[in-house]
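Before anything else, here's the structure in question.
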Amino acid sequence: MATTLVRNGTVITASDRYDADIYIEKGVITLIGQGLSLPADTVVDAAGKLVMPGGIDVHTHLDMPLGNTTSSDDFESGTIAAAHGGTTTLIDFAVQERGQGLHPALESWMERAEGKAVIDYGFHMIVCELTDQVEIEMDKMVRDEGVTSFKLFMAYPDRLMVDDATIFRALSRTRENGALICMHAENGSVIDTLVAEALRKGQTAPKYHALTRPTHTESEATGRAIALAEMAGVPIYIVHLSCADALEKVRQARDRGLPAYAETCPQYLFLSSEEYERPGFEGARYVMSPPLREKWHQDVLWKGLATNDLQVVATDHCPFCMDEPPQKQAGKDDFSKIPGGAPGIETRLTLVWDGGVRTGRIDPHRFVEIVSANPARMFGLWPKKGTVAVGSDGDLVLWDPERETTLAASSLHMQVDYSPYEGRVVRGSPAVVLSRGEVLVDHGRLLGRKGRGQYVRRQAGLPMVV
Amino acid sequence: MATTLVRNGTVITASDRYDADIYIEKGVITLIGQGLSLPADTVVDAAGKLVMPGGIDVHTHLDMPLGNTTSSDDFESGTIAAAHGGTTTLIDFAVQERGQGLHPALESWMERAEGKAVIDYGFHMIVCELTDQVEIEMDKMVRDEGVTSFKLFMAYPDRLMVDDATIFRALSRTRENGALICMHAENGSVIDTLVAEALRKGQTAPKYHALTRPTHTESEATGRAIALAEMAGVPIYIVHLSCADALEKVRQARDRGLPAYAETCPQYLFLSSEEYERPGFEGARYVMSPPLREKWHQDVLWKGLATNDLQVVATDHCPFCMDEPPQKQAGKDDFSKIPGGAPGIETRLTLVWDGGVRTGRIDPHRFVEIVSANPARMFGLWPKKGTVAVGSDGDLVLWDPERETTLAASSLHMQVDYSPYEGRVVRGSPAVVLSRGEVLVDHGRLLGRKGRGQYVRRQAGLPMVV
Amino acid sequence: MATTLVRNGTVITASDRYDADIYIEKGVITLIGQGLSLPADTVVDAAGKLVMPGGIDVHTHLDMPLGNTTSSDDFESGTIAAAHGGTTTLIDFAVQERGQGLHPALESWMERAEGKAVIDYGFHMIVCELTDQVEIEMDKMVRDEGVTSFKLFMAYPDRLMVDDATIFRALSRTRENGALICMHAENGSVIDTLVAEALRKGQTAPKYHALTRPTHTESEATGRAIALAEMAGVPIYIVHLSCADALEKVRQARDRGLPAYAETCPQYLFLSSEEYERPGFEGARYVMSPPLREKWHQDVLWKGLATNDLQVVATDHCPFCMDEPPQKQAGKDDFSKIPGGAPGIETRLTLVWDGGVRTGRIDPHRFVEIVSANPARMFGLWPKKGTVAVGSDGDLVLWDPERETTLAASSLHMQVDYSPYEGRVVRGSPAVVLSRGEVLVDHGRLLGRKGRGQYVRRQAGLPMVV
Amino acid sequence: MATTLVRNGTVITASDRYDADIYIEKGVITLIGQGLSLPADTVVDAAGKLVMPGGIDVHTHLDMPLGNTTSSDDFESGTIAAAHGGTTTLIDFAVQERGQGLHPALESWMERAEGKAVIDYGFHMIVCELTDQVEIEMDKMVRDEGVTSFKLFMAYPDRLMVDDATIFRALSRTRENGALICMHAENGSVIDTLVAEALRKGQTAPKYHALTRPTHTESEATGRAIALAEMAGVPIYIVHLSCADALEKVRQARDRGLPAYAETCPQYLFLSSEEYERPGFEGARYVMSPPLREKWHQDVLWKGLATNDLQVVATDHCPFCMDEPPQKQAGKDDFSKIPGGAPGIETRLTLVWDGGVRTGRIDPHRFVEIVSANPARMFGLWPKKGTVAVGSDGDLVLWDPERETTLAASSLHMQVDYSPYEGRVVRGSPAVVLSRGEVLVDHGRLLGRKGRGQYVRRQAGLPMVV
């Protein structure tokens, strides 16, 4: 029976802070106390470290096909990078193909992950066609497969977008099966009209990606998604919220007591539309949807995290290389052909700590809440994941709040030839990362083996008002 | 060395829920784990119970002089009643006398409590005259006496009310000494004008107490208090918020990211202005300030508790007898002479559980937060009080969520001849209550001895954004 | 040369009130003064009357085909009824047929009106299919035909509804041609899903018409319409706004300074969803879209008229008989087949005066503004219509503020076998109505001849911020 | 009998625009028509001009004692300057002295104006001490003297400030006498605390005047004033609103349908706190209360004028010389001793036209509304003043929308040695100004004689919702 003892650390959870040792048996925390002197297979010294629940990233796209390419991290490289960054669980997206059901998609993504992942993982299911049969499959996904969340798109008319009737039906279905709908909220009808207009005018550079997706396309869709959820009488979760206008819609709903939730991502907290002004094709690095916004939105999003109008920071990790191989180059002459997405799975915790906790915008408890506890609660992982408590998995990050790092593609572990944060100096990073009691990463050295990560069946039904 | 073992319970904190045993040494939790088999002086079986941090009531008036009478519970009867209700710590108010400093007030209240209290206690200091000397005394109170919060009144012009200049100076002072200002927010100038007008018209019945304190007198003062705090650059805590209009002011401030906090009380969640329509002088039972409001406000307050626009439920326990002795009778012919206040110290937890958790308005974690964790964080008791964690005091309530009680003055322990909730049936109540590891109340039997309660020096500076 | 002298009246315009005589030559006001003693072909005594600009009803459906029936008033009976009620100009809707252009629709509606109308009239154009060709036709309509407003539907998926891309394109087109888009704002996708669900459950009675069109379907669409207009950078006009939720969207937009406008109708100001509880099939009288709402919305709408968040009261006059002929009966067994609409063209002014001016909710100037001046300004009729001023048409209503009437289908002039307001007593009605200086109605006697009404070419571009 | 004919102009009122001639007999408009050919004593050609009602300035301080000096314009120089700028009526403030009643104040100000004023004038009464006797005098002022508005101060603790009880009593009194309370809304308690603190730190330069009066001192007081008016059940009028925060309070009240009104002044629309950074003592030119604000507030105020959240632009004209004589110098070493105020009576119309109408922020009708019609309606001058209509006074300004002027103290007519707008080029100014049919100013030449201005008794009770 494998046992681990983590000694001398300061435990930080969403609500508590105390000095204690933690004893883990068969992957599960069984004892927390002062001065534990128990024999253990592994003893980790956490003196001077903050012992927090491992990060949970509920928005990643590993090994994802897009057009005739694939996001550049697979479940091996992606989860290794995640582990280095202090993330011990992720939820990726399985994508329904039009004309097909949901189970083939789940199987396909299970195969992608199996034997590769070094951390635990689950899947949301992207639904892009909702037949009666698919509605029944949704129930089965929730009940039998532990897939308790579905994602819909209000953008990308010809590929993924579903109409209001479909959204309303899907939302209504969750009233019974207890799943949570995740929404990509951008008005694709308006965007595609603007894109066509721009291309007609010969506006092909990367920056037009941003100019054809104004913030109102996001806020309109956000408001509509919440309204449809309210009419269906169910919660809703807005993914990658990027701007003040959209946040205002969430805030208004929450002020009225509605269960409307939203995540933002580090790119919207740290980067701005100024990046699109870079020379040549460099702006392509930042082509993602929603696009980066004007700088002033950042402060509003941080405030939203502090006031609980935003509950989660996830990454939307979806990397494509600039040159090796030349994935982003597909849109050299037409911004609408640039594969959208950027890397982020490894840098989430360090960025949010540096920009949030060190600046005083949030405290360490709120940090735990937005990068781990809330994602766990909302997506059916809690209390196995997302906290440090007796009975929880021994997924821990021993955080060194003082260690300084300079972010650089060359030293990060993601399989992509650039970093959006190249050269940024951040303070605070994981010293040791454990998954189910096993040391995954020790001061930058990977110890977890490929394939050890397990698929996690998630619970349906939000366990609590967040 | 006294040790206590609490076995087989389900621990509930502000953010966690797990099954575990708890080991307490010298009053402090040292170990939490599965199947602890340690020798202990006292073993308590918590099977089937929820083990939560003891309640903290931050708004009580025990043994308080008012005119030529005194609130009917002293620190003995009051703390015994509190313990029976699951409350293990309270913060009462020491009152500065005009023309005097703060230290005499603190001494006077220390004497009232010493040798009597069965639970731990602290004091806020009511300031009604702010000379330069008193400003200096405030700093000393914070630094040397553990009195880290001060209360000001915007009502009662001739007794307690201070003007905006005084409020602003007091708030500004806390920018340096780290204390928190608690505000009684009612516009006393308007109220006294309305009271004089009513009496001139011969309107002397208890119900005119309510009619001369309309909700806008509270919301105006609430908005002003927050504005003054914003200008001073400090947090503020509104006591006994009673109505939707005032809550809206808090909500708007919080939406803007301001550290504005507010408590409400069970009377505003469960009782309404209909009580003033009772025959004869019976309405006097419900004379308190602010007065009870129209019924629809209750829902808005509950929603405020759920959305975190309200952070605390305290009691404003301040009982006066109707007949034995005839304290309330002082206002038989003039509502303005009725001593204001009602009993509540014993019934807080059971009411909030029954009306909040059992109805689904809040979950058990939020329950812990508003009756224990938040009060502890805001008033400098955390992490000694307000949570169940290694290193915290062994202040625990073993909660029986199913036990049904009928509230009645005759069976409650408060020293007052009526209950505002007489006859109400509630489900959920404390089975066993521990203070620093010692069993205070065991299934309705008092075990804690008079005078065992300790004065708690509190910390200054909010430990976290709430 | 025809001349008319209106003597001794008190003139009321949107902003002025004064005693004066009015001299009209060839239909146009040429002189306003005290004690005018000029020879005139017609002299009308207005002593004791308020002389106001004739009413303008910008939302009517005369002789409108629906399924295999037609609204029961044609341009003769409808305009006669309008004249009796004090309305001297109306704007009806020409409807594009799918697969056809706009010009055939205009011609068809021109024919319907010509030789029949007794008052002046114009047409909005309903667009239900927006090809490139139709976009060009829109410009021609504005430039050459005096059709300067277009209506789109967000409801009725298979008949009239257009998607967001179409709405956005149409709105964008008006940025150049200066037209105004009128929006029927209900989310048809949600509604049709709810309707199908209701029918599946056997819920076929008239009241289910209302229950399947909850207020949020209207507020969502209203918010979306305004968002799309904001993105296109143009004004928008919401027709028949019925509820507080939708009004809130307009209010928020206007607070931000956006040119968002909305009309409500008397039915939403005076009737409520209680009507659907009538026995048998009687509720069918009140089947219209949006449906009648809970009573409390009425106050909010009145307040919106007072605070200028609503700018216009129009009628959506679209009558269908209950029994003779049995038009409404088409939906006897299926509420979704009941032809939607109700009569109102004749009773608008008297209702708004009685419920608005006499109760003090609005003053007589605001009355003029919402029933005449604002419609004229917004729809390109001003300053020919909508005011009493030198150079304006002599369209006048001599209002008797004290005359009491009991509304009854039998005495009203609309060609329909019921009145939604049957038996209601109202005070204030037109004594004499003039159109271009000609007496149309004199104390209930029709003097204007069939066919005298003229088509009015309207101007594009809002003349002023309203 | 004096008659005047104004020919060929384009009349602009709050709601109308038409070409017509205007005939004035004995000072009153009796006829408006096309091509009037009547004999007249005076014929004025208005070809190419906009004929608007004369400006009404409801906030001036002429010949006002302050400390041991007096504002530098008396009723002669001040009204001459007003006339040159197109203003034909003003309302100044009579100031109660503490320990005295209201009538002595009115008499004193009547004397100041009589024999001097060239335009018509009225008085608001400033109340700084409200005894029972003064309450009775308020009624008399309204009923017998035509003084139908009173001003209270929430600032200047030792001179003018009244407490909430006084404000509430005064407001309540207007419920019966129909007067309107005008409020100087700044929290004097906070301001004086900040001023004392600044002086203690040796911060004596003019800019500290602004830094000790932050916007929140204004918005708090504005919100409180409105709340007190709501509780009293009466309208309220906020004078010289200067910032977005305060406007937000007015907006919220108006959204709720409350009769809350506010004026702003040109200085807040055109100047900003940057002026306080001028070298030496020059910032003293801009010392006024409220102080100038950060530039971004200007846009918000303009939007407030467009959306009718602000209803009036007045001047708060209260000039003090910099050097000749050295009035402002009194505060050379202590900003709190600088007499507060700046000149503006002459430049109001041209500035608002240039910055508002020419930029498209407001249209000419709204211009008339905010500089003339609304002031007339609110302060009991309408319909004699504030419009161009039969029966109204012949107070007209013939506006040349194209004429360009460079503002300069040397060419303006105010008796003060600087202009806050020195060097600013504005387009649009009065060509001819008439008061009661008499030409006051003709292309810059003064024709009206000293003392011709009449005291105007004003009506009580707002004539209409604005």
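Per-chain numbering from 1; labels A, B, C and D assigned in written order.
Here, contacts are C-beta pairs under 8 Å (C-beta built on N, C-alpha and C of every residue); 3 or more make two chains touch, one makes a residue touch a chain.
What you are looking at is a predicted structure, and each value in this text was computed from that prediction instead of being measured.
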Based on CA centres, what chain would you say lies at the far end from chain B? C
Cα centre of chain B to Cα centre of chain C, whole Å, reads 58
What whole-Å value do you get for the distance between chain A and chain B if each is reduced to the mean of its CA atoms? 40
Between which chains is there touch? A-B, A-C, B-D, C-D
How about chain B: which of its residues touch chain A in the complex? 11, 13-20, 23, 30-34, 251, 254-255, 257, 303, 306-308, 362-363, 365-366, 369, 373, 383, 387, 389-392, 464-465
Chain A to chain C touching residues, read off their complex: 157, 163-165, 168-169, 172, 187, 189-190, 192-193, 214, 216-217, 219-220, 223-224, 227-228, 230-231
